[in-house]
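Chain IDs A, B, C, D, E, F, G and H follow the sequence of writing; residue 1 opens each chain.
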């Protein structure tokens, strides 16, 4: 008997449930919005909506508590990992993640980042590296590229005075408490798929109790970079990824249990 | 004509000029005294007496301003590298070193340590790693060994709860601002000679403007370890060096200019 | 009634906290309160509660923020420099309306100072060392029993008003041994529900957000007004104080914590020498029991404020006794006057007040 | 006389600092003072002075400690949460008797609050948000000219008394443009020698030690006494204030900084409506010009304290005017009342004072 | 080539939907459409930006590349699928 | 085997000198003397410790191993050297 | 004389610059002047506004809640700030982007097609300067030459083209009020 | 009755424990009691002292500057604290380690060879307990059985040997004062 077929409209792409249906306050072309969605997709995908506590930073994503639909705490600048620790230690069965910018995580919050990683704290960090202080108006971050102009390095970052950019993935990769560590630019649909793959592992690292996990997203801040959104994306692919090689830096999550600690 | 010879008494070992001739407040067998002397020897050897500014920490060596005969500043707990930066940026031709314990440098001061290294700040750090908070009465440090008893890990350090010990040399070695990085236990006259060798390079790294330098001394804290001084020395050689392998981690000072980045 | 135990103040604090329902302790060593993290390191796990030695005081206070935001009774303990490092965190906790308990074991300052007893962090605790308009409830124990009782009371007040409560004590009370009645096991306690906690939605129809950001001035203004209204309620309802020998007093000493202990000895000496002195001891430093103090202070010939500081509570006493003669005696740097030394000062101060030579404004140190 | 320039307050601060001999700037971005590190990032190097964007406010204040200890004029700038993070460092600087200048551009609190103008960090600056008995000299500019002048004055006072000086301003004054007379190039200035600086012995017959540790209580006590004596000198010599329309005033408004600007407009409105109001503006918040205020406050019918806070300077005004009617009007969270709104409040307050219904203690918020 | 006058919340196409007043005109969707179906409007939307428009609906394959790259999640994508008629 | 009665600041030997009242009796010098020349005294010094004593002065080679390891720098070492008589 | 005014619009519309233009011109005309900005958390795209006060007497408050003149460049600003015009005051409306609903009748509402005029003589981006021209044509407190001089200084770094475009925009604004369109 | 006393010596001499012994015994005898320690920055080897107050009435200050009884175990403590004995008070001196110079004549100075006695009946380390025994034999405020019981509790964890040794040291101290040496 031939099957009777009919046509239906199926949704192939839509807003995840964990992402609020409201406008963002971000600038046009800002990667925060994309990364928000990816994070929200993880919450949906792993069924964590009711047991997630997000910790949002001080930075452009300071208002992210408006966008994530799970419970949220707003941390003081740089201290999100300590806040996450306080939660996870008292509610070990919850899914606890922080969402942090590079100023937040790699400058003022360096100590909390390192120590939380070193303790192997079972929390997940989604790290937005846009190489600049977006929120406060484009000052230099520790992650700003050599020669890059910013409002506090108007002639371009001089590494003789400020040192070279800090590569957080490399820095953290020596800590045995780290279960998963990866970096990916949010510059194409293909990379977003890789990002999802990495983020899944970073979620699993926590859920499976393996330890600390962090995914660094190389993000665009078109406004503070003085570029249009397309240029900004191109700049990441052409220049930023040279300084910050994407790939998995630590992987104690994958099946074989071994670390794969090499950037692609 | 046969030479006329006479006998004279020559001093082959004595207190360096930069070390004050007064009793220390340290416990019997505490390595601080030895490391103080080595540091003072460097000041003498390089003729830095009149241009050195030492920064001493909060920790058992909090009174080290009594022992170093150069100008000294007492930093708040963990912030010595920031203090050193403040000095070096305004007096770039001076020799600026910090002397810091492991609680000071690797716990509360982690951020200042990393950022100062990352900036390639031209300062030298002499790092006393005794794996414990000596001054406050033997609490756990980030450097305390797995299973080691302390007053805040009375059943022995449980790395499932606290993470494994932090290896500062390994952590710092990925930062390109670091010009010299080495670790040595202060456990024998031979090791003291190696220590001197390392410390000389750490001084040169600054004098020659190459960048940040740090020498980590594996030190004994007999009292807080609950050991007698001899046991403590043995414990370092037998157990501590397993977790913290001695050797040069970064060397951009030696003639060839290349890094030798491997622990022996 | 539980048996007496000879306990250190710092130890009593730990039992008081655990018996008061403390579910999470985060702290960093610093003299003179090291016994607190040390004891908590085994006492908390004994009851399945969270203990973690944080990497710094900043991490501690932010861990507390997390644990408290998640609905748990959380506490830290530190001493002067460590408490200073918590000022941003405390302000956030106040702003986000989170309950928490902080033990501040004061030592000599400013800067590194020393580890000797002091009361020079009164302003920091009472006026707000952090930024913004906020208050902490501040409790000042004076003996081992109160060192045990106050943490529990602190948790109750913190939960009731959703704000930080500081137990402000010092190196003497922390390291002194004294008998206190402490049960062997934690008593049953009731902890209020925390429907506001961000502990995972768990099917809740709305998300909970822990936050101190209110970008719109009008909204932040309303938020502040709400906090101020709460503070006003607390000022009405939660003032606590203690007095000794005030009924027939002709002169008054105002002191808190360890100073009140010394003062108590000194006023007994003074009474032996014929001067009828009473003791006013604020138990809550904020809210400061101004009215109770005024009631007594307005009928005696004068009041001597005694503190281990350059004169901090002094300002609150002056504010409570406008136009009345208020004298001050203080010691800094960890020096503790003996009761007899203080007794001499009481006589001198009383004399100045009686002679009318106590200037009513000369001590204004603003 | 230099030409007028239309400058932002934050910009004026930078020129004021550089022209005042600032040799080192360390800071971390935070709204609403970002122009300060931004301008300093090119202005300092232009004159061969040190600029470094620190990794945090804690690093900033400790870099200042180092640079100042080495004998240099060093400065940082921040806003509320960032200033809170500096409390330990400030206490160390005070304890080690180091001069330094700190710009505090207040914003809405507590916690993250917002970036709108506020005056809710008065207590922190004036009473001491850090631990221990210490004071900062606190200057409160009210226009762009003073934003330029105060950093220089601050450096002079800091060096003279070897202590921190805070320029306490706010988001309005920081981001407002206004004409100020600012020379194009730094004028010649004289900087006192600093024989105490730890800058390397350089043949000196003794070592210099920068330190705030005094383990022996007696020694720390002496050190504190020395500091207190210095503070007493400053209270005698350095109080500064400004008044408008006080000669014939029957009512007084006390306000500082931006509040005094709003008040100035409001009292002019009130005078148009027939009420003779004057303005008292403390220029130094510490030392607080109590006597000058009392001189006027005691002869008017009442004083209204107006602040962008829940009532902080209020306490110092009350201490200066014991027994006199003192009223309060405040706005928090970045809300700025308009001059006409404040004018209404002035009328209400004056009425209460005239009617004798202004309680002389009801505003005590301790 | 204009959404001017479009006052509705969404431009509803069968397979490609845009919440017009959420678009910030960044152009990333345009950039990443493999079929070059999209372009920027010349009009402003209610939040002051030039929103994107689906220029060539027929060529759109519902591949969702555009939606993936949209920071505002302003685009949603639908596909006509054959289903068994049970 | 005792320094009891030694009230002087230093025990002065030709090649091996100790500031007695600075010794904290940690025994590290004893441990590291390759010639086993040293031992702990049974008496207490003025700071309350049992100081070290040079038991076998003749066997001491002035190698300074002991002095190197002394945390107090309490030991100094001298050597008889032949010099040209100019 | 004291003039208290508000400029409001989208972040990208040059609102803050327009205010500065007026404040600087006032200063150069020998008046006291203040300018105070306020913007949302976004770097771009949000709303922005600034308050300008100028006076021949020392200025007290640089902020207020009722203005002699309010200049609005976009719809939300119109809605939000129409009520803040003092009775008898002036509301200058950029009718290129604003639809005037419920106009108050106790104030003077002046319509300027700022974007259109700007596009005509220069680019869209000069709408802010157009409206400054219109403003001064209306109020006349400031010298036109001073404004032109300040414009010149402000845009000098961007080249004479830009200066000229803005000078044209200024004139266009002035003339829009004068009702005299010459080109 | 109120007894204010000070114990002083080197850090390693068990000074703090001796004070605790007295305070605990006083508590167990139904008295109010306080104990307050003070030590230098060193972990070992520095000087240490503690103040003990016990009384049948609520205790005000747990610290004071003049004592009814001062117990010194080493020379520096003797020098430092002899002046702090109240006139008519008692100074208990460990003459195993202390040479008495310039003794005051307005106080009662009692010599006990605490280290020697301790070594005789137990080890050097029990000198602190010896002197507590001597103290109570002199003052008699506390019940000997209570002190013995507290000793028992205190050292129980270290084994009966240690307990016995300390009990012997206690007796040795008591007897040194009684002047009755029996073994």
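Here is the rule we use: a contact is a pair of C-beta atoms (placed from the backbone, for glycine too) under 8 Å apart; a residue touches a chain by one contact, two chains touch by 3 or more.
Please read these numbers as outputs of a predicted model, since none were measured by experiment.
With every chain reduced to the mean of its CA atoms, the largest distance from chain C is reached by E. The interface with the greater number of C-beta contacts, when B-C is set against C-H, is C-H. Put simply, the C-alpha centre of chain B and that of chain G have 63 angstrom between them. Inter-chain spacing, taken between the CA centroids of chain C and chain E, is 60 Å. Averaging C-alpha coordinates per chain places the centre of chain F 36 Å away from that of chain H. Shown for chain G are the residues in touch with two or more other chains, namely 40-41, 45. Residues of chain A found to touch two or more other chains are 26-28, 62-63, 74, 76, 107-108, 110-111, 115, 135, 137, 142, 162.
With touch defined as above, residues shared between interfaces to two or more other chains in chain F number as follows: 24, 47, 49. Listed in rising order, the residues of chain B touching chain D in the complex are 49-53, 55, 62-63, 65, 68-76, 79, 82-91, 94-95, 111-112, 115.
Residue ranges on chain G touching chain D, taken from their complex, read 20, 23-24, 27, 32-38, 41, 58-66. Contacts from chain C toward chain D in the complex involve residues 58, 80-81, 83-85, 87-88, 91-96, 106, 108-116, 118, 120-121, 123-124, 126-134, 211-225, 227-228, 231, 235, 286-288, 290, 294, 309-310, 312, 315-316, 318-320, 322-323, 331-336, 360-361, 364-366. If you check the complex, the residues on chain C that touch chain H are 4, 6, 115, 172, 175-179, 258, 261-266, 268, 336, 338-341.
Listing the residues of chain B that touch chain F in their complex gives 3-15, 19, 23-24, 26-34, 37, 188-189, 192, 222, 228-230, 233.
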